[in-house]
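Order of writing sets the chain letters: A, B, C and D. Residues in each chain are counted from 1.
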Amino acid sequence: MDKMPAWADAILVPLISLLLAAILSALVIIGIGEDPIAAVKLMVSGALGSTYGWGYTLYYATNFIFTGLAVAVAFHASLFNIGGEGQATLGGLGVAIICLALPWPHWSLALLAAIGFSALFGAMWALIPAYLQAKRGSHIVITTIMFNFIAAALLNYVLVNVMRPVGSMDPASARFSEAVHIPTLHELLAPIGIEFSKAAPANVSLLVALLACFLVWLLIWRTRLGYQIRAFGKSESAAKYAGINPVRITVIAMLISGGLAGLMAINNVMGEAERLVLNATEGAGFIGIAVALMGRNHPFGILLAAILFGFLYQGGAELALWTSIPRELIVVIQALVILFTGALDNMVRIPLEKLFVRFRRSSAGGSSR
Amino acid sequence: EPAIIFDLGGKFDKSFNEAAFAGATRWAEETGESFREIELQSEAQREQALRRFAESGANPVITMGFAMADPLSSVAPDYPDTKFLAVDVTWLDTPNIRQVGFAEHEGSYLVGMLAALASETGTVGFVGGMDIPLIRHFGCGYAQGALAADPDVKIVANMTGTTPAAWNDPVKGSELTKAQISQGADVVFAAAGGTGVGVLQTAADEGILSIGVDSNQNHLHSGKVLTSMLKRVDVAVYDALKAGENLETGVFVLGLADDGVGYALDEHNEALITPEMKAAVDEARQQIIDGEISVASYYENDSCPAYNF
Amino acid sequence: MDLLTIVQILDSTLRLATPLLLACLAGLFSERAGIFDIGLEGKMLAAAFFSAATAAITGSVWLGLLAGIASSILLSLLHGLASITFRGNQLISGVAINFLAAGMTVLIAQDWFSQGGRTPSLIGRGRFEQITLPFADAVESTPIIGPIYAELLSGHTILVYVSLLAVPLTWWILFRTRFGLRLRAVGEAPEAVDTAGVSVVGLRYAAVMICGVLCGIAGAYLATGLQAGFVKDMTAGRGYIALAALIFAKWRPWYALYACLLFGFLQAIALRYQNIDLGVFVIPVQVMDALPYILTVVILAGFVGKAIPPRAGGEAYVKER
Amino acid sequence: MTAPVTAPSPSPTESRATAPAIELKGISKSFGPVQANKDISIRVMPGTIHGIIGENGAGKSTLMSILYGFYKADAGEIFINGHKTEIPDSQAAIAAGIGMVFQHFKLVKNFTVLENIVLGAEEGRLLRPSLKKARGVLKQLAEEYELNVDPDALIEDLSVGHQQRVEILKALYRQADILILDEPTGVLTPAEADHLFRILNNLRAEGKTIILITHKLREIMEITDSVSVMRRGEMTDTVSTSGTNPEQLAEMMVGRKVLLRVDKTPANPGEKFLEIEGLRVVDDAGVERLKGIGLTIRAGEILGIAGVSGNGQSELLEVLGGMIPATSGTVRVRGEEIDITGKHSDGQSRRARGIAHVPEDRQHEGLIMDFHAWENICFGYHHDPKFQANRFLMDNEALRKDTEAKIERFDIRPPNCWTAAKNFSGGNQQKIVVAREIERNPDILLVGQPTRGVDIGAIEFIHKQIVALRDAGKAILLVSVELDEIMSLSDRIAVMFDGQIMGERLPADTNERELGLLMAGVTDAPTGAAPALEETIHG
């Protein structure tokens, strides 16, 4: 018998963890002499109080959906992909190359090409760590961390020495042409009569992200490949018995993971900046870890967690603008969420399990009499 | 309510951004009004910050540094009623931006002279921030000034990096200073934003002289900073805030004549600047203003007659 | 390149290798005891801030050092709580600690000093002073040996010498003492330690605490030795490079010294030269920046001898489930 | 007699008169929902060897681990030499003079013997003096008890038998008066086991008290003075060895008369379904695990492989099941050679050839413990078109239907396809695996330890299924360490030793003694005998 019903495991535990993280965050805000309630109010109004705020919240959420899914797919194969940052960076490079290389007739074609290229570049950046893990047992956590730094150096080199337009002082690529501008939510919703902030960067990538959620759900729970990924993730020895090739699954899972992380670039590079800048990912690869942990590696959970983090991000930016609370508060909250939903999971789980076992015993004892 | 966007080094970089902060603070104190501000954390934030301020009705919106040029070019046209002040940008053709540049080469020329005059080893150093034409522009004026004061002077120059991180890397500034000291430099000019803090610190630790930049940095290590090359960003910001919504747009380049650049002389470096040095530099200043001396501009020539970067 | 330049580069190598070495040895204690630690970066960062802040407030660098160590130990305890007591995922805990430190340092710095997440610059006794070794001035003019002694070996802060001494000390503790034997055993086979009547939890906490102390010194060195004050993110990935060095060193103290010196050397080169012109081709500075990471991947791939981590590393010791 | 091993205890005769060396009263222990020990009491007199037997999972190891302070009991008291003793951890147990050799050794593999011995029993803060002292003591102990091991060898370089010696030395070095051995002979050859028993006898003669856990009734009868029987977490009884016999013990163990015979008709072998020739396997460490195996199994027969575990049986199953590649050799399935060394040698290719495999370790191989029953029912057969809804998706509905049918036919409890595998008991887990594999109606069934940790009711059921498959004209390769199972189920028996087939016998023509000798590598007619036997059976 399980110690705890499934719903408690899937909902109660993360909820309590989140609550603990929230309480500590509030204490931190009080600690720096600010009013947590006012801060939350400001965050809510800034992030959700206008279509402008929503536009940014959803823009960030789109990034986090991609990186969260990336982390989750790898997690299902029992691989901890900390390399989302690097893979998303490379995805950006892919998008920039394809957007600048060809004269695109229409944004939709460019978007398709960008989806392909960003996923391809992200996947390729995950390939070497995956291969080394599968074939040579090199710990993927360490190799992906290393690849994040290597990606940063590579982007740095490319932007400074290769892609920087002549005469520009910025280490950034040229601006993409108007033709590859993908519709923002404003442009998408205007025809159907919905007024959405023109300034907000949320764009059609959001729909791609939602589609990705659905596809990942199908992949993991409905397809043979997903079945094999999960089986391999749960028990490598059993996977071997079943004839599931560990090298193949490791590589494929990481390619999908890297591809998803890379896909983020259609949002931040193509949808927002419309050029490639240094550090375009802004840590979204790492936030994917928190998002996946909180979303319990399920696409639906990830969607919710991504929106929550989108809210935190936009709300945090607002805080930084209108109060003296630095933006780093969000980093702290992110850390607390990772800590409680990830590392200190058992701190919540064990007492809860005991509670359930005791509750069940007493109710069983009662009924038998 | 006006707003300022500080660049990556942050408003306490003791240099470029801090100058803007000082100007804004002076305005706020004098008028009793307030301004909004944000310190950028990453490249990707530039456009959002700009848009957010414009969106919320801030006017004017002040941006610091050349890297804001690109976001400005895409955001400013969306808010035609908002006035922008772009410091260190002079090449955009959007009507609602006041673009302010500085004749850094002229100011650098003066501190270059002082460096050469103060040097005992006959070698002076230059630590630049990010390796871009703007910083070479500084270095070029500095080299010309040093050579003018002492034709035999040896100049050693290093750039901190190729990305904006170069504005905020005191460790590297410190290491480069040590390297220049080992090459004989005994006066080092840091035109490197927050990185300069490391340069000035090391220079003070190692007992040589340094030259600050943008803000008056003489007080950082009193008696050990020869002078500072002032770039009156504070004045530009102060004036813009004072003008408010009536800000006059267009391109402005401030030089010695407008007191847009200069060198700092105060109680911290009185003892270091002899009357002879002061006389020589002041004369050169007047000559530049009068057009008798023409300081070559790296911007215009894309090369420097005095130093090969 | 003349001798003086070489000595100068080696001199900065030593300075730059110091935080790496301390953090690397910190990781060595922790990982040898079976607790993976990717939170070295965060602990160093926290220590850097609290040492600088305390030194700035009190004016005493020694109090600063203590505060730095204390803050680092606190994060170590958090890591211990998550990964030893609650048997959580050590990697996730490390990631969380890194974020926590990155955020908290800036938050507190802003609250205390309102200088955009920095501390005021440290002056006077707020910093570690450079120590001139005996006779350094006297021998300076002797050819070759003079500059090596006077420039390279002399004139560092005390923490540089502490880090160098920490290497033989670590070796001695690990391989010559009872504690070291048990510590190594607990990283290989905790059940063997447990059945031998020694507390696994106790040993692991001890290791994690030592890790905290060393990370604390590393962070304090960054803010009060190498620089004069704290700026945000000032560790700049050094914790990860230390981790890389640890793998490079195959979890051994003397190799750790060599690995850190190598990585310090790469940093020293990258600091001094933008691009390295080898005549045939030019190595861009970005390659120098990435080289430690690339080398580590090569080592991890097992092309240059296999790096076998402690066998029980990364996993909580679970008796009953 | 040397200082460290001499116990300052009263002489054996004296203490026998006084108090028991060990007395446990009312010990209970549960692991979450599993009650491993229920109110157990036991007394062991000093200077005796006390046996503990019981089925797998009966709670023997748990009880001893509590005595050794490895686990903490939920309730109960422990008395050592008549004194109530708290044993919260192993340190306390060691201080009370208890030493334990675990079923799974607790050694640091990349430490030397010497380092392992001193670990936790060092003399002071520095290592050198401890090691120096231990070296001396070790030498004396080695001479005294025939426990020779190279003190400077790394554990990972030692054979299992030698590793066990290190464990015993560890206990003796700590001056243990009470020595617990948990299934020490499971991994030993008969010769090594004999050597071990000589040592135990010596120790008993020294006045030490020994507790011996074993599954082998022969060993109980041979060496113990008294024996306790455990069943399902409870202590059934404690009897004096001289006053009992194997049959009675077996009955006490399982709680009813043991049916050692399986009802089955004589085999009716048909064509050759599986032919193995010159099969060699060299593992990653370069050790040759299979040294040229030759076997043939025909349709309609069960070939049983007997042997002490660790002699290559696992590797044989793994190669045939596609889990590891062979180094060389040929395998033919119904006359057609299959790839056993190359890229296409894996579990999938085997299944495609009609080979099904009930693995030895159902928890780590046969099942994904976190998956629901219905997800496990296609494990390994997830490519089967029958489970696919279309080109891309699996048909989960069909899977659940299939599972429900199998739950029904195999009487799997609880009958719920949404129950996770880990939440079935061991026997029902095994039924899921057996159902999955047998219902494929394979040509060849590989079965490893089919009834390990399975209760007697399920054993009978599983045996019946296997025989039914044979009667349907399929070939079955059975590997088991239980000689009884081999003897009663097989139509033909091959004995493996050290990666080789030592010989083949017909169950009717042989006995446990002869098989035991073959299992120990003692033979007058090694591998060569196989073909001759083939002739006599089928000729």
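General observations
Note that in this section a residue touches a chain if its C-beta (ideal position, glycine included) is under 8 Å from a C-beta of that chain, and two chains touch if they have at least 3 such contacts.
The chain lineup, named per UniProt: A, C = Nucleoside ABC transporter membrane protein; D = Nucleoside ABC transporter ATP-binding protein.
Everything numeric in this text was worked out from a predicted model, so none of it was measured.
Greatest Cα centroid separation from chain D: this falls to B.
Between B-C and A-C, more C-beta contact pairs join the chains of A-C.
Distance from the chain B centre to the chain C centre is 36 Å, each centre being the mean of its Cα atoms. For this pair, chain A with chain C, the centres built from the Cα atoms lie 30 Å apart.
Here the spacing of chain B and chain D, counted between their Cα centres, is 78 Å.
Between the CA-based centres of chain A and chain B the separation comes to 39 Å, rounded to the whole angstrom. Counting partner chains per residue, chain D shows two or more touched chains at residues 32. Shown for chain B are the residues that touch two or more other chains, namely 162.
With touch defined as above, residues shared between interfaces to two or more other chains in chain A number as follows: 156, 160. The full set of touching chain pairs reads A-B, A-C, A-D, B-C, C-D. In the complex of the two chains, the chain A residues touching chain B come out as 52, 56, 156, 159-160, 169-172, 175, 198-199, 201, 268, 272-275, 277-280, 282, 317, 320-322, 327.
Residues of chain B touching chain C in their complex: 10-12, 39, 131, 158-159, 161-162, 168, 170-172, 174-176, 178-179, 182, 194, 197-198, 201, 205, 220.
Taken together, the chain B residues at the contact with chain A in this complex read 36, 38, 41-45, 47-49, 51-53, 55, 66-67, 69-70, 74, 78, 130, 132-134, 162-164. The touching residues of chain A, when paired with chain C in their complex, are 28, 31-33, 80, 82, 128, 132, 136-139, 141-143, 145-147, 149-150, 153-154, 156-157, 160-161, 286, 289, 293, 324-326, 328-336, 338-339, 342-347, 350.
Chain C meets chain D in the complex at residues 175-182, 184-185, 188-189, 191-199, 311, 319-321.
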